[in-house]
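Structures for review follow.
What follows is a pair of complexes built around chain A, which joins chain B in one and chain C in the other.
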Partner chain A sequence: MTRKKRRKLVGLLFVLPGLISYFAWTLYPIIKSFIMSLYKWNINPNIPNKFIGLKNYTQLFQDLKFYVALKNTIFYTLITVPGQMIFGFLVALLLNRKMKGQTLFRLLYYLPVITSWVIVSILFQYLFAARGGLVNFLLKDLLHIIQKDVPWLSNPKTAMIPIYTLGIWKGIGWSMLIFLAGLQGIPKQLYEAASLDGANSWQTTTKITLPLMVPTIVFELVMLTIGGFNVFLSVYVMTGGGPMGSTEVLSSYMFKEAFDYFHFGYGSAISVIFFLIVFTIAQIQRKLLAKRSF
Partner chain B sequence: MQRKKSKKIINIIVFCILILGAIIMTFPFYYMFITSLKETSYIFTVPPQLIPKPATFQNYITVWKETDFARYFVNSVTITLPAIILNVLLSTLTAYGFARYNFPGKETFFSLLIATLAVPGLLLIIPQFDIVSKIRWLMDNKITLILTGGIGGIAFNAFFLRGFFEAMPVEYEESAELDGANAWQRFIYIVFPQALPPVGALTIMSFLGIWDDYFWPSLILTSKNNWTLPIGIMTFKGQFSVQWNVLFAGTMISLAPVLVVYVLFQKYFIQSVSEGGLKL
Partner chain C sequence: MKKAFFLLVVVLISTFMLAQVKEVIFWHSYSTASGEYKLLTEEIIPEFEKEHPDIKITEVQVPYDEMRRRLIVSTAAAQYPDVMRMDIIWVPQFADIGVLLPVDEEFPKDFQQIKDDFLPGPLATNYWKGHYYGVPLDTNTRVLLWNREMFEESGLTSPPTNMAEFIKYIKTLTKDTDGDGQIDQWGFADTGFGPWNSMAWIYSFGGQILDPTNSKAKGYVNAPESVEALKTFKDLYNQGYIAPIGGGGIGVLEGYAEGIYAMTFDGPWSWSIIKGQYPDAEINYSLIPAGKGGSKSVVGGEDIVIFNSTKYKEEAWEFVKFLTSKDVQLKFATVGQMPILNGLLDEPEIKEHPFFPVYLKQLETAVPRSPHPAWNEINDILDSAWQNAVIGGVEAQDALDNAAYEIEEILNDYR
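The block that comes next holds the complex of A and B.
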């Protein structure tokens, strides 16, 4: 065997275990979920699966619960993505200077990111408890903004608010870290030159920082939008989709259909639609924002 | 002089805002911790106690001794450790192969990996469950979770690490090759030690993902003996819904290893996330 051929074989051996895992555990399931969505699927191997074509999809498009879940997911994304980005950007701007305790600040702001969704969701459920919850205490007894305790999670009108709050609070640290990396990538000379020309800090922020941060902003927007559409455990833990289905989101609805009612085909149809939406949005965001930067 | 003074004032203001922000970010954790030290009658007092009086470790003892929490903890460890090792090994091997070698179909395979990065892992759980449930031995077996944890996220990890391997100087490997080291030896003794920061970050990410995973293990591990910490916590939440102090003693125990790992390795972690995260 020649050396070149040998190297090819060695390379293939290096990637083979990973590639096999990928094919078996990612690619095959992706294809399979498309196939399953065309069946009335049975989890019991003794009962044959029944091919029903696009029936799951036609049913889905008439399903009011699906639209509620879609609406909630979209609102969640529209509110938490800008929330995380704005706060993350502000913190990054403030931290992007020589100062004492910078490492400690980064550590503290990143703490919610590394804590599991299960734990922070339980915690927020406690903070937003109707009676004796910390949030009601702050708003009622301390700041006098509200007159009486709000039953945040059991009122359909307010139930999404704790979920939004948690989504923003948990994501600020990641957003900050990525923005900080972007800010540190901007050459210092640009600011020095601008300051020699007499530019104030508002001008340097809008004329230098923001334009050069466009790739970072696009990256965050895409990643956070995908993340926003994936909202699941906070809803699952804090409200379970209730009261009366008012906080159901796409993923919780999908799980409910699949693992509570064993409608695996229908659940797969939801996940296919879900995937198509996420994929389309990510592509549009990339195209639109990439254009504006040039 | 004037300028220096105003700069100092700005610095103080910035510092104050940052401290206020840090309080908002960390206060919920503090509140969880002090609640775990409270006696049951003190958990919903108005105004809330900010320093527990009397403070007690009884809730931790209750959770550890009177429930199966110790077993959940052991289960979580026995699943997470081998799964991380498998995951890191598979990911580094794959990334290194893509970074250093040429083989037929290389770029096609890699673009395939990237193309599916946007597919949320959550969406695959239905077909994955269908696959596992068809093989009886895999159900209610901790080994299943070691395997699925080990092979999960390979696409993202390979993508994350490839750039680091490509940026590494190739000379060390070449001179080791001249000295007669084979590909495997070069990988273990030359490449791996140089890649420790990103591999460290990957290890932490892998750890968090597997340690905190709730839904997938709850589908696979049906018998109580096999449960992991998140499943235990969620079940407590159902049972002890009024006893937040006991529940939070449980969440604190589950959070502690994460905090230790994070504080010890945060430098590598932050560095690699901010550098690697941007390469998409």
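The block that comes next holds the complex of A and C.
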């Protein structure tokens, strides 16, 4: 074996565990669910599955509940992704300065990220409770913005608001951490040079920080968009898709169809469409935003 | 050499004996902290094994929330337990995908007796397409909880026994006690709009969800009586006599104990939930007020099923019969599990119980949620229909006509 070949082999061995898990846990399920989506799939392996071609898809495209779930997922992403990024960036800017208790603050902001979705969802249910909830107390009794208690989670018009709020609150820490890493990667000399030239802080932020942060921003945008599309537990726990199906999102709808109703073929069709949407958006984002910086 | 030979003999004998013992694997969701679990593992299983030395019961506890997922994975991998305690509404669904043993067909002689001895409502939850795929193991239902103190404050002395009284009392008991213009005491409260909650209304009003054969919805889910039930509930709710449902905040049972809600419907667990937080609270149970359809409530609980992949049909069935025998059922009653047999009302374990008599009486007429593999879907359609009418402002008739249409579509797949 030549030296070159051996080096290639060693390299392959290093990436092999990752490759295996990628094939087993990512690629295989994607292919399998595409195949399942063409069948009326029975989970009992002893009963043959019925091939029905694209019928699951034609049914899906006429399914009003699917469009509600799609709309909710898109709105969730459109609202929580900028929310997490803007607040995350502001907090990162604050915590990037030298100050007392820096580590403590970083920890505090990161804490929501590592807490369980189930627990904070239950917590938010209490915060947004119609009677005796903290949010209603603040808005009604303290600030007098509203006259009557708002039944946030049981009104189809307001039920998504607690879900958005939780999504943003829980994501700020992660967004902050990535921005912080990006900020610290910017060479200090650039700021020194700029200050010698008399640039004010607004100018250094817009002319140095932001442009150099583009790769970080793109990374966050792609990751958070994917995360946004995957919203599930907060909906599942806080509203269960209700009231009147008004908070159903793609993954909760897919879960319901497959695991509650045993429509595994139909559920797979939802997940295939879901995959195609997320894949396309991620590609577009990368192409559009990454062109200039890399 | 002699020693080695001896050892070999011992090993041979013990493997021979092990081969004779038939291991029956039993899945259940009894919480490991519960009295039921202690009784099951320390008393009931050992007793059964003593009576049947050739059978070994291996119990596997899986928390309820995980059980369904685990069962689905097991199904996909065709790896089942022999016996399982299963939520009643899952039974037709798993029967339909062909993994459960039709016990009435396998053990026809025993089953004749079962039909006489068991409460009809719980037994019906095992029925799908001409066969019974299990037998009930424990049961529950919802009855009326009424707050005596609040009743007396409003000049009422006893719980409502019929629908007209019930509606009148709900209105009487709803008040603005501190005079700030907002209602702060309600005559009735409940936890949701789904069939678990609404069936007491629907069936007591004389309505239905599906026909007796579970194959037709039109003319049942939207029968005049079913519409009347929804309409009555909707009007009471929108006029503020029923506490707002959902939206978090204080729980219904807590509100009942604190004197915010005068009445609710709930299961036998309400006792330990309320007593756990309010040890001094007085809890009064009564039958669901009777309407045109009588006093009807919804059947809850668990069935015990045998998977058709089992190697030990007879042994599994022995265990099932043991668990549903009168002695074992009465033992379970002492730790709070409601028995599924007829005619236990005079047994001392039941008679002296603070609330089992009311529940068992209610169970004589309680209605199971239609045993159908697509029940989960039917459940969600009805839940939406009630929500659409009550909070979405749709006419009761339109909401239920639409539900009938949607349910018919689903039933079509199973005809």
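In this text, the second predicted complex is superposed on the first by the 265 of 294 C-alpha atoms of A that agree within 3 Å, B and C clash if a C-alpha of one lies under 4 Å from a C-alpha of the other, contacts with A are read in each partner's own complex, and residues count from 1 in each chain.
The definition used in the following text is that contacts are C-beta pairs under 8 Å (C-beta built on N, C-alpha and C of every residue); 3 or more make two chains touch, one makes a residue touch a chain.
Since we're looking at a predicted model, the values are computed, not measured.
Overlap between chain B and chain C is detected when the two structures are superposed via chain A. Once the two complexes are laid over each other on the shared chain, residue contacts for A:Ile47 go to chain C alone; chain B is not touched. Using the contact criterion defined above for the overlaid structures, shared-chain residue A:Phe259 touches chain B and also reaches chain C.
By the touch criterion defined above, A:Asp197 reaches neither chain B nor chain C.
Of the two partner chains, chain B is the only one touched by A:Met99; chain C is not. In the superposed pair of complexes, A:Leu27 makes contact with chain B only, with no contact to chain C.
When the two complexes are overlaid, the chain among chain B and chain C that reaches more residues of chain A is B. Of the two partner chains placed by the overlay, chain B and chain C both lie in contact with A:Arg131. The superposed model places chain B right into chain C at 62-70; the other stretches listed in 62-70, 98-106, 296-304 or 350-358 stay free of clashes.
In the superposition on chain A, chain A positions 43, 45, 126, 129, 131-132, 259 are in contact with chain B in one complex as well as with chain C in the other.
Contact residues on chain B toward chain A in their complex (touch as defined above): 11, 14-15, 17-18, 21-22, 24-26, 28-29, 31-32, 35, 43-48, 90-91, 93-94, 96-98, 100-104, 106, 109, 112-113, 116, 118-120, 122-131, 133-134, 148, 150-152, 154-155, 158, 183, 187, 208, 211-212, 214-215, 219, 230, 233-234, 237, 244, 247-248, 251, 254-255, 258, 262-263, 266-267, 270, 273-275, 277-278, 280.
Chain contact summary for the complex, chain A toward chain B: residues 7-15, 17-19, 21-22, 24-30, 32-33, 36, 41, 43, 45, 91, 94-95, 97, 99, 103, 105-112, 114-120, 122-124, 126-127, 129, 131-132, 134, 137, 141, 169, 172-174, 177-178, 180-182, 216, 219, 222-223, 226, 229-230, 232-233, 237, 251, 254-255, 258-259, 264, 267-268, 271, 274-275, 278-279, 282.
Residues of chain C that touch chain A in their complex: 68-69, 72, 75-78, 93, 97-99, 182, 244-250, 373-374, 376-377, 380, 383-384, 387-388, 391-392. Partner chain C is touched in their complex by these residues of chain A: 42-47, 125-126, 128-133, 148, 151-156, 242-245, 256, 259-262.
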